[in-house]
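In the two assemblies presented below, chain A is common to both, partnered first by chain B and then by chain C.
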Partner chain A sequence: MLRKPMKLDTQRKILGYFFLIPIVVLLTVFMFYPIVKSVVMSFTNWSGMTDNWKWVGFKNYIRIFTDMPEYWNAMKVNVVYALIATAVQLTLGFIMAVMVIGMRPRWQNFYKIALYLPVIIPAAAISVMWRYIYTPEYGLINQFLRAVGLDSLCRAWTADPSTALGAVIVTNTWRYAGFTMVLYYVAMLDIPKDVMESAQIDGANRWHQIRYFYLPLTRGTTEINLILTITGCLRAFDIFYLLTAGGPGTSTKVVSMWIMETAFQSYKYGRALAMSIVLFLIVVLTMAVSRIILTPRGKE
Partner chain B sequence: MPQLEKATRPAAGRRKKKNPFSHYVEQFVFILLAFLVLYPLLFVLMTSVKTNSDVILHPFTINTFEPMNYITAWNTGKVGSYLLNSVITTVITLIFQVVIIVLAAYAFGKLKPWGHNLLLSLLLMTMFVTSEMTTVPNYITVRDMGLMGTRWSLIVPYVASGLITGTYILTNFVRELPKELDEAARIDGAGIFKIMWKVDLPMITPALATLVIFNFNGVWSEFYWALIVVKDEALKTLPLGLINFQSQFTSNYGVLTAGLVILTVPVIVVYLFFSRYFIAGISAGAVKG
Partner chain C sequence: MFKKIVALFMAFVLVFAMTACAKTAAPGASEPAAATPGADTPDTDPTDANDPDADTPATQPAAAGKPVAEEGAKLHFMHIYPEHANAIDKSLEIIKRDNPGLEINVSVVPWNEATKSIQTAAATDEMYDIFFQWSSQVPGYNDIGLLLDLTPYVDDEWKSWYISDAALQEYSDDGKIVGMPLRGTAVFLIYNKTLFDEKGWKTPTSQEELETLCDTILGEGLIPISAPGKPNGFQVESIRGRVFDNIVYMNGLIDDPERLTNRKTEWNGLYAESAELVKGWYKKGYFGQNAFGLEREEGQTVFMTGSAAMLLCNNNELIALRELNAAANNFEFGTFPFPKPAAADRGMFTAAGFGDGWGAWSGTKYPAACAAFFRSLAGEEAMTIWANEELCLVPSNQVEYADQVQGDFAAQYADGGYKVVANYNTGNMGDLTGQAFVDYCLSDTMTADEFETQVEGIVARTIADAEE
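Up next, the complex of A and B:
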């Protein structure tokens, strides 16, 4: 109590370092060290099983860009998936948020909680559930189509090359639209109520509200949603692995799946690491580009 | 959504009468959306207590009650053992995470040792690291630490993976704690640990709850890492077990969905119980971050 403030302050700062030891150790071992190691070993022919490896220079990288069409085919799947899934998810999420925010508080609560429910369900459960829904014989969708007399539309949704990717997108949208919605909803809560009300008194209709208030005032959220969704789609693994396993053929095989196969089935760790790093750079680049596009110009 | 563009009605404020048509269209669209989201869940729940013939004959309704599905899933499908593994793994992971995150957030938000800002920014960079970059080296680290074949092969990397987002969110809360209470407690002769435990910790409990729920969800559902490291049947967690289970009961929809329900119910219960923290956490984590 009678200690000088300086002294106490120093004590607290030293204690601070002790408090930081666990997090620094864990993140160093499981985050920083792996990154450095990944980068270094991507220049070797390491198998991952033994300690024998040789430097191969840029061979792994050159191979990706010149002699690995399957990587870029998978990337194409990722990109198509990312574009469609992001557009659908952001549009639906935004519309749902606008609708929820216009409701009475009790209904707002109900919908907010209900629509977010799929987000928390484990991927394994979602995929088992949707595989069942897509099953040709007794799946929910085909049963429904038969019940309304549209038998001709029935198909094996996840085994048909023309619908497999669509099936994944539908499942993904079902899973994450609520997440996008809640982010928009939270941002819309920050818009002062009296602003909206005076706009209404001035005769602004619903479309005007969206066009002049909700859309521009949630721009930051759009940016976050866009970046989260696109980068999530580029790195997608679980839902593809569990729902279609990359099939039929390689029509839904995504990049992460190739990386995993190269590393853990072909035991070409060095090459798999180079593939990871290229994917990582593409994700970072996408993030940077979307930020540049979305940042309002002329505000410097 | 066409009805939004078509809506030319004056504002539907509380002071004005609502246009009945567009109001009903909106209501209808919304009920449809809620139905599309919730019906698959209800469908799974219904299927899990139906006999297989009922599943095939009456897909949309429920006419039989077959709780044996759950018993079959539990015993033959080993869901009981998977569930136990998931509970143990999740609880241990969360305990470690909470302790480490509270200490770190307290250091970053309150004690502020020299260089804390630089260190925090450095640690925050790991948020952008993708799992593809870390999976392979972490596999080797875990193997070299001799953790393979034990629960710790899951727990240790799980603890590490959930730290930074949690620390970031909690640091922001700790930073905004009122200083006056601390000073009052200090004048009363309380030491730093006592202030932390008695004064500050109770105030960050809501933020901590948010964090626990989020990380609970992440660990409970984790699948990718578990798929790579766990080869031992006795250590499989529920998400991994369910995949086995799917091949074992391919056409036995009742048992399959019963397994699904057992995997999903804990997350839904936790979510419904803490849903207000969930929403708060999303805004704290994503929007303000």
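Up next, the complex of A and C:
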């Protein structure tokens, strides 16, 4: 009996699955498996150094929530940093975008590149530069203050707990405001020109354009920027590590630093994974809340 | 949905196929079993000790004696000293000369990546045979079965080379020698001798004289002591430690067994007393405005450019200071022991220890080669190179120091003793207490007693963690 030939549609489907294999494998090996493994190992006392470990149940999580004040103090630093940095970065990014969009095309290109440049500079280079700027003896800020007779305002910007976090926020804003600006700029380009021209003909001044057109019509971008910035701030590590190393004391010590110390200095990899997962859940929760707040009522 | 399930199934088949092709894990590797150091190491025939192709760690000799490297031994050696390449190279030449046929592959890792590098190497089962370790890491590493027991190899002759029993004690755990000291790491006071002579200042002989001297220096518009401390106030904290040691000694607790093993969690105000005094010094400006924002090198620069009259530094910074000194001001500098309180009959220098050292992997195929490596490195010839060409404080009693300041450091080491050697994994406890001290120094509301309670809590939690 002759075998019935396979339908073309079925053949295509099989071929489709075949082509899916590489990406599914890559995602499984490099993303899903490490995540699942991390969750599993967060319930163990794994040191990270040998294959020996044993189940400890929820002990790591209980410890985080009941007897780890350092973790929650660091979380406070993250939250304060996220709130201030997000507000400053979004405001500045939006203002810069409005200014750039109103310029002639040649200047627009120049400013787009100039303002985006810090985004592509490595964090290590940025930290070296800003550490120089903040140095008390010969740093640019204190030199400027001395030059204008404001010596009393001179201070060790990154060694004073009242200014250290602010110093990091300023550096971070300098680094990422250009990114926020570019996203807003692209969103503003999508606003039809005739709409803006009509508004101008109807007598809308610059403020009216911002208030009634740019702000509402870039709401989606605000949402994206907000989520990216807040989640980025909650996971922040590099700029803190390089600029203040968490100091002075613990005044700029963020959660990621505690996680690193727990894993690599105390050899409590299992607990560090639990700390990471708690942070991950907080980031996810923040994103979800942000979306709920920002999504206009009636629109899903 | 069906498509998704099929795709996922295919992916898992592939992943499991790949996993199956990988090498077999160690027995019980992924089973949720309690950690037992050495439990995975099956017994081997003693003859395997000389078999370079043996898959399992070789057994160790039953009796002490000069170790002889296994034939065809190849060691993977990890260190953190690119700045001491000269001493490393010469030491390796000595080791190879003493152990003909021994092959050594060298990996250099930045000092601040050492732990991570060891962790990764151990986890991937491609561990270094010999690797750098700090003495504070010994109990932690030994607890997880990472360290080779060197006790059978270390004979009395070898032991007699060390400056004190404490040097080997720092690398011992559970009664076994599980590492080797390389060099001393302690904090010393260095002063600008040229400036002191010019101003007629005398080196202080008591803590009270030191305070008077600092006030005088402040009056000259200089920073009395450059004490870098970013981010955990490490040098200011080290001064607090020195002050604290003297207080503890005067209160008769210096040889308290709980203190010596870093298990004391009730200080009844003594810790607070030291913290309050040093905070007062910080507030008066003895360490400058930016002490907690300075990294080690920046602290050196403050001293070398003449902005500070004294510097708190690690003895291993001496070589860098000599180079900076030659390139910059070229003033003369000296050292003096951190002064004791006038009321004390002697000063304490309990931090004098040999923090930098080595460990050998318990899973190495060549345990005798590791021991032979350490023996050659501990000998007079290699130690003299480290002492006089690299200006390190070595644990050997066979070395004569050529550098005056180095010799003075060594003399201060001789006054050491009562060093605290924790017999548990202290993890990041040092960082935590340092950070707490900086927080206390910078706080207008935290009291010294609150700080003491905080530190006691950190110690108690660390002990509980280690003994989990």
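As a convention for this text, the second predicted complex is superposed on the first by the 272 of 300 C-alpha atoms of A that agree within 3 Å, B and C clash if a C-alpha of one lies under 4 Å from a C-alpha of the other, contacts with A are read in each partner's own complex, and residues count from 1 in each chain.
Keep this in mind: a residue touches a chain if its C-beta (ideal position, glycine included) is under 8 Å from a C-beta of that chain, and two chains touch if they have at least 3 such contacts.
Everything numeric in this text was worked out from a predicted model, so none of it was measured.
Colleague: Figure out whether A:F264 sits in contact with chain B (first) or chain C (second), or with both, or with neither.
Modeller: Both partners, chain B and chain C.
Colleague: So in the superposed three-chain picture, is A:K253 touching just chain B, just chain C, both, or none of them (first/second/both/neither)?
Modeller: Only chain C; A:K253 stays clear of chain B.
Colleague: Identify the partner contact of A:L242: answer first if only chain B is touched, second if only chain C is, both if each is, neither if none is.
Modeller: In the superposed model, A:L242 contacts chain B only, not chain C.
Colleague: Which holds for A:L20: it touches chain B only (first), chain C only (second), both, or neither?
Modeller: both
Colleague: Looking at chain A, which of its residues have contacts with both chain B and chain C?
Modeller: Of chain A, residues 13, 17, 20, 24, 27, 29, 33, 48, 264 contact chain B in one complex and chain C in the other.
Colleague: Would you tell me which residues of chain B are touching chain A in their complex?
Modeller: These residues of chain B touch chain A: 1, 4-5, 7-13, 15-16, 22, 26, 29-30, 33-34, 36-38, 40-41, 43-44, 47, 55-56, 59-60, 99-101, 103-104, 106-108, 110-114, 116, 119, 123, 126, 128-141, 156-157, 159-161, 163-164, 167, 186-187, 189, 192, 217, 220-221, 223-224, 228, 238-240, 242-243, 246, 253, 256-257, 259-260, 263-264, 267-268, 271-272, 275, 278-279, 282-283, 286-287.
Colleague: Residue numbers of chain A touching chain C in their complex, please.
Modeller: Checking each residue of chain A against chain C gives 13, 17, 20-21, 24-25, 27-29, 33, 44-45, 47-55, 67, 70, 136-137, 155-161, 244-253, 261-262, 264-268.
Colleague: Considering the complex alone, what residue numbers of chain A touch chain B?
Modeller: 1, 11-17, 19-20, 22-24, 26-27, 29-35, 37-38, 41, 48, 95-96, 98-99, 102, 111-118, 120-125, 128-133, 138, 140, 143-144, 147, 174, 178-179, 182-183, 186-187, 197, 199-201, 203-207, 209-210, 220-221, 224, 228, 235, 237-238, 242, 256, 259-260, 263-264, 269, 272-273, 275-277, 279-280, 283-284, 287
Colleague: Inside the complex, what are the residues of chain C that reach chain A?
Modeller: 3, 6-8, 10-12, 14-15, 18, 25-26, 28-30, 32-36, 39-40, 115-116, 118-119, 122-123, 140-141, 144-146, 230-233, 289-294, 307, 425, 427-428, 431-432, 435-442, 461, 465, 468
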